[in-house]
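I have a structure here, written as structure tokens, and I will follow up with some questions on it.
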């Protein structure tokens, strides 16, 4: 009953045997099995040298500013320290386990758990607790914590924190390598291109709950094959299609990637539009302001860069629209997806308006991204209904390597090659 | 003590706004998007805004359309370019509060609940919030100069395809 | 420019229909089924119709009662013959659109949401849809000549015992 | 036959009560609790009552506040003493039924649905029920002399912090 | 902890030991255990010679007409072929698993998966995919599928299809016996009686989600004991009660059955109404049109035939009301139930009106069927709350055989005898 | 993966190893593991000598009066017998398992299952069933139950019932010791103090669904540490704080407890208010009627007694407010909580009004109890998100003993010491 079992998300060693090596065929149980999912949390989100995105520096300008964020399924508090740095602590009281912080954003001088008022410094240290030394009644002392109670053993779980040009990352693994090494030299230049030396302005947030496995979103942004086929706007207006100048970049491990491309004039082009039902030959916008693209000096060519920083975040530049897309896994078959759109402090009012107009392309209602959420939902539905089965990611072969074009599924294979190694499957 | 009677002009504005909202929900629920576009002024603003952005004064919306041209582009997206699983919408809208009415322009607000039903599944609470509106009178009819749909349901159930 | 004022007769019909719907939901939610029957004309049509059938022009309804006799038979079924777990209903009905009014007959429609609460469980979205109505005026009162409850919630939460 | 027209005084009361309810829901949903208190008469009764107690004639309420003083104590509790996870409320209220109006006092009732949305979660049906009201006219304005929120949603989703 | 475990729907060999042989006592875990349920899907719905109902021919009159249907939990597409026949294919793209078809009914010339536009013929063959041979850039070719990619290996899952007088059935088992043999000679005459040589008119659909195990609905329609006791209308108006002329028929395997009976004048009759609280001595209809029965020539006696075609469908004639009732299992403790009411092409307007009026007796609001859904829900609740336990189906003994009367639970025993054999429990 | 597994509520022996002895550190899996939860149901709610609260006598004044109640997850019917006593039977038909009684309260002369009209006496005995001896047709008999069918084997599950001064308790264990012995001599005096010789008046019910493990509510009422810290009213008005005269009482087993205290004038008091953020120095009530406490003769000193009768109920006297709080577990991470407020038959109208006004402090909206539900929800959230972890209950040491003060977590330790013994963990 293993196949069936796997298909139904129930575990068992047999259900998790990945036939053959290579990573061009992904078994459905990799998306549905709860035990696999728990191992993913443990190994990718809660340690083993992995870093997760938690915030943008610009969200927390002042000392004491905090926001609730998530690493995997764990609620964490990201707080700006007095010295301008950041602390990231798990949102769970060490006394009796209360997830004590409930206000999504605020400013705090200390964290007080409401249940018994245990109080923590912004860095997570236990600052004090009521009646630790008991209560004096006459000359006897009633109650109190044992003599050997050591507050240093009862601070909040502290995560390792690093920022990279305004991006705040955290890790449960104290031994995690420096962030730049984690990203690797193939990827960092593309982060630098957007963030280095720039002050960000937060434009706002969009949130969606997508009933699919979290990896499907990573796949989606490592999949240059689909945009010119699923998204009418991309193929019709030449924002992303196979006849553009493109590059697929990944780090040595194959876990992070950048899809880079340069728009063209769109319109008909046998090789990429013939028989493509999503291509709309005569389509034009009633209001061109939706796509009033203005080249920014820092682009240096590429009009779009889609950066996947495994396992937790996507950084997107699509013409004038900029955003981080944070993945919050919630069980094997669902994740929450948080978009934070931003601009730069020196943007003109026109540029800000432009970024906001182009934001209509993205997010849960976006002209070229609402349908990504839909196909992810329906992919999960397909895995769930099937018995044993596997996806086929063999465009451009079965190997893993960067490519100078977008007619490939190599980045997906790269991610699963890495996944198999870490998951030991 | 009984107060001064309500001026008929007040009842009239109230009537028009409530009827407008009833018609608005009806045409969206029937998927009559051309009728929906026609309920806006040529030069209009339509936004679907997460309450957290609205409250924080952040400009980002989930949908932000300026002028009937963009409304048309959205409708084309719904009907021709955006792949999505189809669903029913059902609007239930409370009585509007008319906050200002200078005879030409009416400012008003109303709470709404939109329920989503996908084929073969149960009805869900999809999007609840408040319309913040500016109406203009044109040829004796109201048109939306501005409608902000400020919604509580910030965690959208995957995607938001049709207007709210 | 300010439009011609709304004729009082229009406000009057609107008032009567909205009040009718408010009373309708109230008496069903209180389980006062005799009052419910009395809101219909002797010779009436009451249907609860899945939207898919309605849209496809198929005649099948979930409940299809012709005349007060059948309404009475239904009420007897609810109160005496149909075994079921009891539940509360709660109607929230939007403002009606009056589509036609010739003084004797009114055509109207209104969106509704009905919530179900079973003892010891949470409230659920049970049935959302639209009333499509024909009212007649009798002795200065409105009676339902026809009410179609066209519902989106096609996948019924097990059973539908009480009227919508 | 067309009935006698509705007296303007009737339309007026109806208008005032529906507008009152619209304003009531709006100020609660905005968390403007001082405005909420101001909608009650100095000497008032506000109760949130499980339907089972109400139907059984049992006096216990989930919240039972007598007079503006207690309303203020409740608001202080909400804002200063009661630890709770924050949430949005959204009221959708149906048209009221005005049951009695002697010029000084109005008795009315209206169905309501309140939706709850917690940060990072989906909107839920939180509390549905009926307002049973007594209004008094003060300086040409309505104030609540009594509001009973009789709710179907007896199994409360953990806690009930804000007024309904 | 086995009993408890079983009661709580958790598995383990021990939890699934069925004491003794025979099938007159059904253990609660047969209704609650997820592993049992998965085995049921695998053996009854997804193969081992079983056929599942998917549609009526009359729903899909024209070539290319399709509807989404279900076999077990799997979404399938039923489509009318150009030759007038039918194809049934699983609704799951072979590329990356998307359940691509989302519109419940329509007409198609081919199936296109939106994600990457892989295109399938109506019979499920893979017709083509974008960039299979890569994209020409100058004189090099970028990407494309491997040379050994064989489209024939990537068609949609095709189900075996057969129709029987307008009923469309499908099987995941290519070796499934012909449909008529599957039904068996005891059952087919009762299908012929309704369908043979007749053209159907679709009247419409009703749907309900019943929070109980799917077998409870099969039991309900193999249970002639309850209608005259649970359903006031049946006992009071003599539509179904123990003093009628009846026959209980089943196939050799005991899986399919027909409950046949002939109405009588109803009213008081000591043997069948005394002490029966649901019997309402003085009840009459305010509007007799609800039960304006007119005998149809093809009845040849019986006024009611309830046909259970294991595992997926019930075919019902109850006086002038005709319907198929499709069972869509959804986990061990829930199923969706789809009613399709029909008449005949040569029905008069009066007869159509009659069938529609009598439809008030059936479906989720039906005078004699709303309560079936309720008792099924409360049965499941009973199983769930109990520790180890079993139902008692011993009316008319403990054996399995057709009977010339309705005072029996033999058909239920027949089904479980077959169930035990196939489930190897 | 055990830690993770446990944290995620999945079982396995290893996941359930409780390190060391003692009960001052409770592992998170004790709150999240479904298998642990099932064992709790089996051992605490469904037997092993435990009694569960089901009703107050005053709710069912007349013979035949019944109410639906719960023992663990099982629906039971509590009915007043003709002799004035009580029967408690499981709400599950022995024929085919239907949870047949659906009306929460009523009056019955017998219980009839709707499905096939099997009929039970109020004590659960099977009184009869239709067609037991078949149906006479001419001179043959059709169907009927087997000759060896013994109605005595098919009665409803009967629970053992005892009342204690108006409190009705039931047990699935026929060998359960007498109720008074179950409570023990340390606890009964505190029940007697409230109930002995008094006639109760029911004031009404409040219900809440709390998304946390059921034991968290027992803990909450065995935790004298929190009220003076979490609840502003308690510390500010001196209803419960560490400088009051208090006693913590428990039975020999450590499962039941009473927290007893006597209010003081409140206000500032360095030892108990300094640095306590919930203390509001200048707070006064706009309407003092909310706290118009009048001493009742039977108090004999204590103004508050919080009695936990493991595992199912809390009995509370808090100044003039009296209630039972019934725990209905519903899975490891949720329980329903039913408050029944009462007064005494000889209460004056003023006293009744007073009890009702003070009821504003309690229940799902209560000034000093709404936040208990919240911290319980957030505790469960904390357990769920964590990997392996444990709560720290070491206030006043690590041992278990009654104390003459409230600066202690001893009662919680007492409960878990007992829990470990019974659960064999």
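By letter and in written order, the chains are A, B, C, D, E and F; residue numbering begins at 1 in each of them.
Following the convention adopted for this analysis, a residue touches a chain if its C-beta (ideal position, glycine included) is under 8 Å from a C-beta of that chain, and two chains touch if they have at least 3 such contacts.
Quick caveat: nothing in here was measured; it's all calculated off a predicted structure.
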Moving step by step between touching chains, how few steps can get you from chain A to chain D? 1
B-E compared against A-B, more contacting pairs: A-B
At the largest C-alpha centroid distance from chain F we find chain B
Would the interface of chain B with chain D count as same or different, where same needs over half of all numbers used to appear in both copies? different
Chain whose mean Cα position lies farthest from chain A: C
In whole angstrom, the CA-centroid distance of chain B from chain C equals 25
In whole angstrom, the CA-centroid distance of chain C from chain F equals 43
Taking each chain's centre as the mean of its CA atoms, how far is chain D from chain F in angstrom? 32
Chain B touches at least 2 other chains through residues 11, 83-85, 92-95, 113, 119-120, 122, 125, 154-155, 157
Sequence positions of chain F contacting 2 or more other chains: 102, 104, 114, 207, 209, 230, 278, 336, 371, 375, 378
Write out all the pairs of touching chains, ordered by chain label. A-B, A-D, A-E, A-F, B-C, B-D, B-E, C-D, C-E, C-F, D-F, E-F
Over in the complex, which chain F residues touch chain E? Could you list them? 34-35, 38-39, 41-42, 46, 73-75, 90-100, 102, 112, 114-117, 128, 130-131, 134-137, 142-146, 149, 154
Looking at the complex, which residues from chain F come into contact with chain A? 1, 4-5, 8, 10, 28, 219, 225-226, 229-230, 242-243, 271-272, 275-278, 371, 375, 378-379, 381-387, 389, 391-398, 403-408
Please output the residues of chain B touching chain D within their complex, sorted ascending. 1-6, 10-11, 14, 51, 92-97, 109-113, 125-130, 152-155, 157
Okay, in this complex, where on chain B does chain C touch? 8-9, 11-12, 15-16, 18-19, 21-23, 25-26, 29, 88, 90-95, 103-104, 113, 115, 117, 119-125, 137, 139-141
Complex contacts: residues of chain A adjacent to chain D: 68, 102-104, 114, 207, 209, 336
